[in-house]
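Labels for the chains are A, B and C, by order of writing; each one numbers its residues from 1.
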Amino acid sequence: MYRLDHLSKVFDGGVVAVNDVSLKIGTGERVAVIGPSGAGKTTLFRILNLTVRQTGGRLWIKDQEVTHLWGSPLRRMRRIIGTVYQQHNLVPRLRVVHNVLAGRLGDWSLWRALRSLIAPRREDARAAHQALSQVGIPEKLWARTDELSGGQQQRVAIARVLVQRPEVILADEPVSSVDPTLAQGIVNLLVELSGTFHTTLVMNLHSVDLALAYFPRVIGFRDGQVAFDRPSVEVTDDLLNALYAGGSGAVQDTTDTLNGSLSVRSYVPPPRSH
Amino acid sequence: MDPSPSAATFPRPDRTRALFPGLLSLCWLIAFVGSWHLAQVEPGLLFQAESRRNMAKFIAGMFPPELSGDFFRLLVGPALETIQISVMGTVLAIAIGLPLGLLGTASLTITGVLNEFELAGAPARRAARIVPYACARGLPSTFRCIPEFVWAFMFVRAVGLGPFPGVLAIGVAYGGMLGKVYSEILENQGMRGSEALQATGATRWKVLCYGLIPQALPQLVSYTLYRWECAVRASAILGFVGAGGLGQQIELSMRMFNFHEVVTLVLLLFLLVATVDFLSGTLRKAIA
Amino acid sequence: MAARTGSGVLGLPPGPRGRLRGTTLLVWGGTAGLILWSWHGTRFDPIALLGAGGRAEILAYARNLFPPDLASAFLAKVLYWSLETFAMSFMGTLLSVAIALLLVFPATRTLAFSGVLFERDEAGRPIRILRIGLFLGARVVLNILRTVPHIVWALIFVFAVGLGPFPGVLALGLHTGGVLGKLFAEAAEDIETQPLEALQATGASRLQILVYGILPRVAPQLLAYSLYRWEVNIREAIILGYVGAGGLGQQIQIAISLFLENKLLTLILAIYAMVTLVDYLSAFLRRRLL
């Protein structure tokens, strides 16, 4: 499914997020990526889901080189990759049904997408309802997304991925913003779903326990490089200690870096009354 | 602890970074003195005998306000026309401002997470995107910076008298303002939702409609309605150059020193603005 | 599509309530009706404008305007008029800020008669009535100042003191003073009250509370409003000039009535330059000072 060849990403300002990474991920595999904060895992994920373009090295997805894709081929490739984000990245003012059905945007024409915003088709609403049932919150179909709790919103995000029917699911710390009691449930859910639909699953995790429990293959990532790449049974305490020793650094939020803003743009709206 | 610090240890305010405020104060002072002279400000003039006489004449002439049925009948048409001009003008402004605003939103067309993958390492494509962006930024600026009043008499010359040139004037001038503010509003939206939508393979149009506009809608609508309120006031004045509405009657009444009519007209204008205020308030609530 | 208002017959939860949809429909219908009525009433005719005939008319007019009159004698005068208009907008905005600040004390509800500063108030009824009266009076004055269009103010003052930019300054000052006064008062009313309570506890009078507690807190907002109004005022200064308040506006009126199209274009370019300049200055100051 994935082949990375000396992949690296250097941001403007000289920040090296990913440094000469080479690895292969087979179709249908389940892989966990662990490592300290700021190691560049999120950047790696954003390269893998074609949001960020690497500055060095090459990337193949399904044996097709994707480095120079743009336009329709790029979107077709994105369509087969489903992403679950740490902060669910839903659109707050939309109803849940629209956020879930957004998974289909890769397939829909613009006209159909707009019509669905005004009034979703019956079969689409049913598909969304079914996806929400699988994640346990079918009754929230018509609720406004910002009325849901954090855990519920994360499940909506997963429902969105379900509706998309991708060939690979990338989950970037999907449980870090969620109650620890719910975390295991969500990881379990994603693992089950990937099994049912035979999708490749790559998950970025903070919790080493969850990683070792659910994933047959674990990649340790530190300072932008692969520290180790082992079957989970071979991951020893020594390896883990070396991985997490003295690691620090602020979590690089790629979205905000790309949008060039870590400061709030000041916009004073014009006074309402005249 | 010695409660009375000696002079040697008393902290002094840091004067080394006072350059900008000092410069600014100087500029302000020059501007003030210069403007006082250029604008021929003479407060004494207000209190001269002749001025006082004129003011008294004006105030006396205002009462009683003209409230005859004939006068009102004369005004109904222009009053409604004023509202119509404001509505059509705002609609035209949206038609002009929305496309320009969308094109001029950097986070949509050239920068940020929606464009990073496609434009990295492709200078030709980036250049092809920047050109329409720059035009979409420059054009509204031209439209905005010529007052609608000036547009109005140009359009009157071009298409004739009546409400139509008024609509065009407001459409163009306000279109420029809407375009600029729409871009600012859209660029201020958080991009997380849009990033996720893009990752499902959606085109930028779909990302716009699902991710950006639903979030920005209250702000977009609010500003547009505010512009409509301003448009009503502007429409009333455009009549001074023949572009329809109450303005023509206001000018007539002033020129003929019929101050009692002017009072009525001002009250009528107040009523119009209050009506528009109310309607726009309803619309705002419907969208929120 | 009917799944929205269904009652779960298909196993789906019910959609957004029907009554709400009814109101939304009314609003959209009303808006559409308003637009159609306005379209008809203003004889809006984009086809006439963009069709062959319309385009020819516009081009003919545009060709009339070119080339702009750039004789140096005229340009010097244009520069003077531009500065005159700038000065009118500047002084007018300053006057309006002065008026607004003068009236902000009585016009702020929380300073005038209600709110946290009056919780332990022991004033008698007559004083309370006086306070409310002052508040209402201030608000009414501000309302009048705002409602009378600036152009009517300008006509009044031209009538009173004669032609020239001074009546323009007064008109802008009064009208904008009404606008800013309301905004200032609203800003003053919206801030947190704890610091004000604290000041009151030290024995400060209400005026002192205004100056020490409220104004510093809302100063950035007030500055932003004032700078924004300056951008509006430079445009209005043109309009006021048209009715006799001097500057570029008055020259526009003369050029139109004497059919001096080439001079007209120069004046329009000067207006564009002035407005852009003030917009830029306003944005610059807002960035630097806020």
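We adopt the following convention: a contact is a pair of C-beta atoms (placed from the backbone, for glycine too) under 8 Å apart; a residue touches a chain by one contact, two chains touch by 3 or more.
Since this is a predicted model, take the numbers as computed values, not measurements.
Think of the whole protein's Cα atoms as having one middle point; the chain whose own Cα middle lies nearest to it is B. Taking B-C and A-C together, the chain pair joined by more C-beta contacts is B-C. In terms of the distance between Cα centroids, chain A is separated most widely from C.
For the pair chain A and chain B, the distance between mean C-alpha positions equals 42 Å.
Look at where the CA atoms of chain B average out and do the same for chain C: the two points lie 8 Å apart.
A straight line joining the Cα centres of chain A and chain C is 47 Å long. Residue positions of chain C with contacts to 2 or more other chains are absent. Under the contact definition stated at the top, the residues of chain B that touch 2 or more other chains are 233. Those residues of chain A in touch with two or more other chains are numbered 270, 274.
The touching residues of chain A, when paired with chain B in their complex, are 49-53, 68, 70-71, 74-83, 85, 87-94, 98, 102-108, 110, 113-114, 117, 157, 160, 164, 254-255, 258-260, 265, 267, 269-270, 272, 274.
Against chain A, the residues of chain C that register as touching in their complex are 1-4, 10-16, 146, 179, 182-183, 186, 221, 224-225, 228, 286-287, 290. Those residues of chain C that touch chain B in the shared complex are 23-24, 27, 31, 34-35, 37-39, 41-45, 48-49, 54, 57-58, 61-62, 83-84, 86-88, 90-92, 94, 147-149, 151-152, 155-156, 159-162, 164-166, 168-170, 235-236, 238-239, 242-243, 246, 252, 256, 268, 271-272, 275-276, 279, 288.
Across the interface of their complex, chain C is touched by residues 20, 31-32, 34-42, 45-46, 48, 51, 54-55, 58, 80-81, 83-85, 87-88, 91-92, 141-142, 144-147, 149-150, 153-154, 157-159, 162-164, 166-168, 233, 236-237, 240-241, 244, 250-251, 254, 257, 262, 266, 269-270, 273, 279, 282-283, 286 of chain B.
Residue ranges on chain A touching chain C, taken from their complex, read 119-122, 125-126, 129, 138-139, 141-142, 266, 268, 270-271, 273-274.
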